[in-house]
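Please go over the structures that come below.
In what comes next, chain A is part of two complexes: it sits with chain B in the first one and with chain C in the second one.
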Partner chain A sequence: MQWKLFANLAEIAGERTISLAIDSDATVGDALDALLERHPSLSDEVLVADGELHDHINLLINGTNIHSLSGLETSIEPDDELALFPPVSGG
Partner chain B sequence: MHTLSVIGPGSIDVIDAVADRLDGRVAVIEWSSDSENTAVEDTRYLVHADGTWSGQGEKTTLDRLLDQLSTTHEYALLSGTTRARVPTIVIGDKTAIESGTVIETVPDADSVDSSAVAESIKEYEPYITLATLIEQVKATPGAERSGAIATFTGRVRAKDSDDDSPTESLTFEKYDGVAEARMEKIESELAAREGVFSVTMHHRVGRIEDGEDIVFVVVLAGHRTEAFRTVEDGINRLKDEVPIFKKEVTTDEEFWVHDRSS
Partner chain C sequence: MSLSLDATQLDRYSRHIIMDEIGPEGQARLLDGSVLVIGAGGLGAPVIEYLAAAGVGTIGVADDDIVERSNLQRQVIHTDENVGVPKADSAKQFVNRLNPDVTVETYETRVTPENVEELIDGYDVIVDASDNFPTRYLVNDAARLAGIPIAHGAIYKFEGQITTLVPDGPCYRCLFREAPEPGSVPDCATTGVLGVLPGTVGCIQATEAFKLLLGAGEPLEGRLLFYDAMDMTFETVPYQKDPDCPVCGDDPIDSIDHITYQDGCRVNITSEQ
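Our next item is the complex of A and B:
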């Protein structure tokens, strides 16, 4: 699967696009763990104390917010694109 | 309108070769550092019997020319000059360039593959102005029943109050693909409203200087009430829903805007 990072998250990680190999039964949560393992400095930005995602952080799978799916339990396929970004600020 | 700039020795030859390979209306702007205006009046045109013309005038800017051309031309090619966000090929010394988005640096004019360049022009962000979008909605079905066009233009504000440190520029990045899909969804949902015929939006990306335009929303509607309401809802939804991110550069500092507003 592929991660895309934006704005300050891309700056903190030092990369915008990250390809990771995942297990066949992997969930969004697994992909997030793998991302944070590679970039521990992102944890403070995206997680609250109990390991849940910050309210203001958006996590999309193929363009759809995981809140409208099964959250971190949503299962993913090898060719899925996940995106992580702060509140949008266009205009 | 798509743009391309070539800077350096032999740039006009490259521009001519690229222009030759493009289909559609092409404008060429050639930059000269000498002042050659000998007209005593402000503007002088020489119009030929076949309708072709040449002209000279006083005091225009590259921005104003590009804005004028953007509604009537598919391409504008600049020789010897560039500006922010215009894809630019540099011949020779790269340090000569102050603005523009360098896409290629080559040692000499002969090294440019003009047909490859002509093919690639459309891959870059087009030059879109408010006027471009107004012309677009006027050409849509329903235009003959429309009595109102409402528009919103968002621009870079230097100061919010007198004691603000001035904003020099904003830099926008977007989630390619998803941003466009969300904007299209907003456009089609708003256009489905009773009395609204067409909605179109455009958000520029990259570095945008103080005073420049950032975003446009244009609504073609039957009457003013739904036009005004829809244009306001359009910009509000764009700001809430479309994955675009803004970094602000002031005379004092640089920061991501969401960090300050949350």
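Our next item is the complex of A and C:
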């Protein structure tokens, strides 16, 4: 699967698109764990203490928000694109 | 529509009038229309420029800053000689030189929970060209209560996010429930910004404002448009109304009295009871 990061998340990671190999029964949560393992500095930006996503962070699978699916439990396919983005405020 | 176009206006707006999609009726609608631009900075500058050029009859400009030299790399309506002048006044000078058909209302103030309702009252469209989360959440919440659509745009270094928030569609909080903690998403002053970036993003906001005034086309409703200047890519992500949205969901707010517009801009439901 591929991660796509936006704004400060891409900067903290130092890369904007990240391809990761996943197990066949992997979930969004697994892909997120793999991303954060590769970039531990993203954890504070993305997750709150209980392991849930921050309210202002959106996570999409192929353009669909995981809130309208099964959240972090949503299963993913090897060719899925996951996107992670915060709001930006500059003007 | 009480307005009819005079000979000078027929000439000035001829490239609009010649099109079936706008025509003299559409142009009269623009001349009769009103848009409040919140922020006369990087995003607001091209918005004000194109709204004024195209004859939007009333443009409100709300900004409490003064023009600084470091603004001029991107805030194209302000000039070197206006360094030190309030941005709202500088914007008005620009518009007055460009198009005498346009009335500019200046509000040299920060948008606050105390003044926002009065500020936005009566405008057909709001363009959120502000530069901070508290203002963006405040404008979203107050405009939703007042039933006024917002052309939203925001930038970060080389990226833009644009969406249009119409009264019956999802609001900004459906997309981003609360603001990030202060400092977690840095601002332009801290990170820098490509000078032309707000030009591109602001022009898209202005396009949306025109469509809303004209009642034409498909607004960028329920869609977040990402612009990446470095990759030169545009991506659109759909989003829906959130039934749990504290502002426009199944149990919506009826005032902004219990919302704190600092830190996370949280809607404090418990204190509402």
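Simple rule for what comes next: the second predicted complex is superposed on the first by the 87 of 91 C-alpha atoms of A that agree within 3 Å, B and C clash if a C-alpha of one lies under 4 Å from a C-alpha of the other, contacts with A are read in each partner's own complex, and residues count from 1 in each chain.
The criterion applied here is as follows: a residue touches a chain if its C-beta (ideal position, glycine included) is under 8 Å from a C-beta of that chain, and two chains touch if they have at least 3 such contacts.
Nothing here was measured: the structure is a model prediction, and the numbers come from that model.
J.: Looking at the overlay, does A:N8 come into contact with chain B only (first), chain C only (second), both, or neither?
T.: In the superposition, A:N8 touches chain B and chain C alike.
J.: State whether A:D79 touches chain B only (first), chain C only (second), both chains, or neither.
T.: Neither: A:D79 stays clear of chain B and chain C.
J.: Considering only touches as defined above, state whether A:D50 meets chain B (first), chain C (second), both or neither.
T.: Once the two structures are laid over each other on A, A:D50 reaches no partner at all.
J.: Just to be sure I read the superposition right, which of the two partners does A:D25 touch: chain B = first, chain C = second, or both, or neither?
T.: Neither: A:D25 stays clear of chain B and chain C.
J.: Thinking of the overlay built on chain A, is A:G90 touched by chain B (first), by chain C (second), by both, or by neither?
T.: In the superposition, A:G90 contacts both chain B and chain C.
J.: With both structures superposed, pick whichever of chain B and chain C touches the larger number of chain A residues.
T.: C
J.: Look at A:G63 in the shared chain and tell me whether it touches chain B only, chain C only, both, or neither; answer first, second, both or neither.
T.: both
J.: Output the chain A positions appearing in both contact lists, the one against chain B and the one against chain C.
T.: In the superposed arrangement, which is not itself an observed complex, chain A uses residues 6-8, 56, 58, 60, 63, 83, 85-91 for both chain B and chain C.
J.: Which residues, counting only chain C, touch chain A once they are in their complex?
T.: Residues 39, 41-44, 129-133, 136, 153-157, 159-161, 175-180, 184-188, 191, 193, 198, 226, 231, 237-240, 242, 264 of chain C touch chain A in their complex.
J.: Applying the document's contact rule, which stretches of chain A touch chain C when the two form their complex?
T.: Listed in rising order, the residues are 6-8, 16, 45, 54-56, 58, 60, 63-65, 67-68, 83, 85-91.
J.: Sort out for me which residues of chain B touch chain A in the complex.
T.: Within the complex, chain B touches chain A at residues 154, 172-175, 177-178, 181, 203, 214-215, 235, 238-247, 256-259, 261-262.
J.: Which positions of chain A touch chain B when the two form their complex?
T.: 4, 6-8, 56, 58, 60, 63, 83, 85-91
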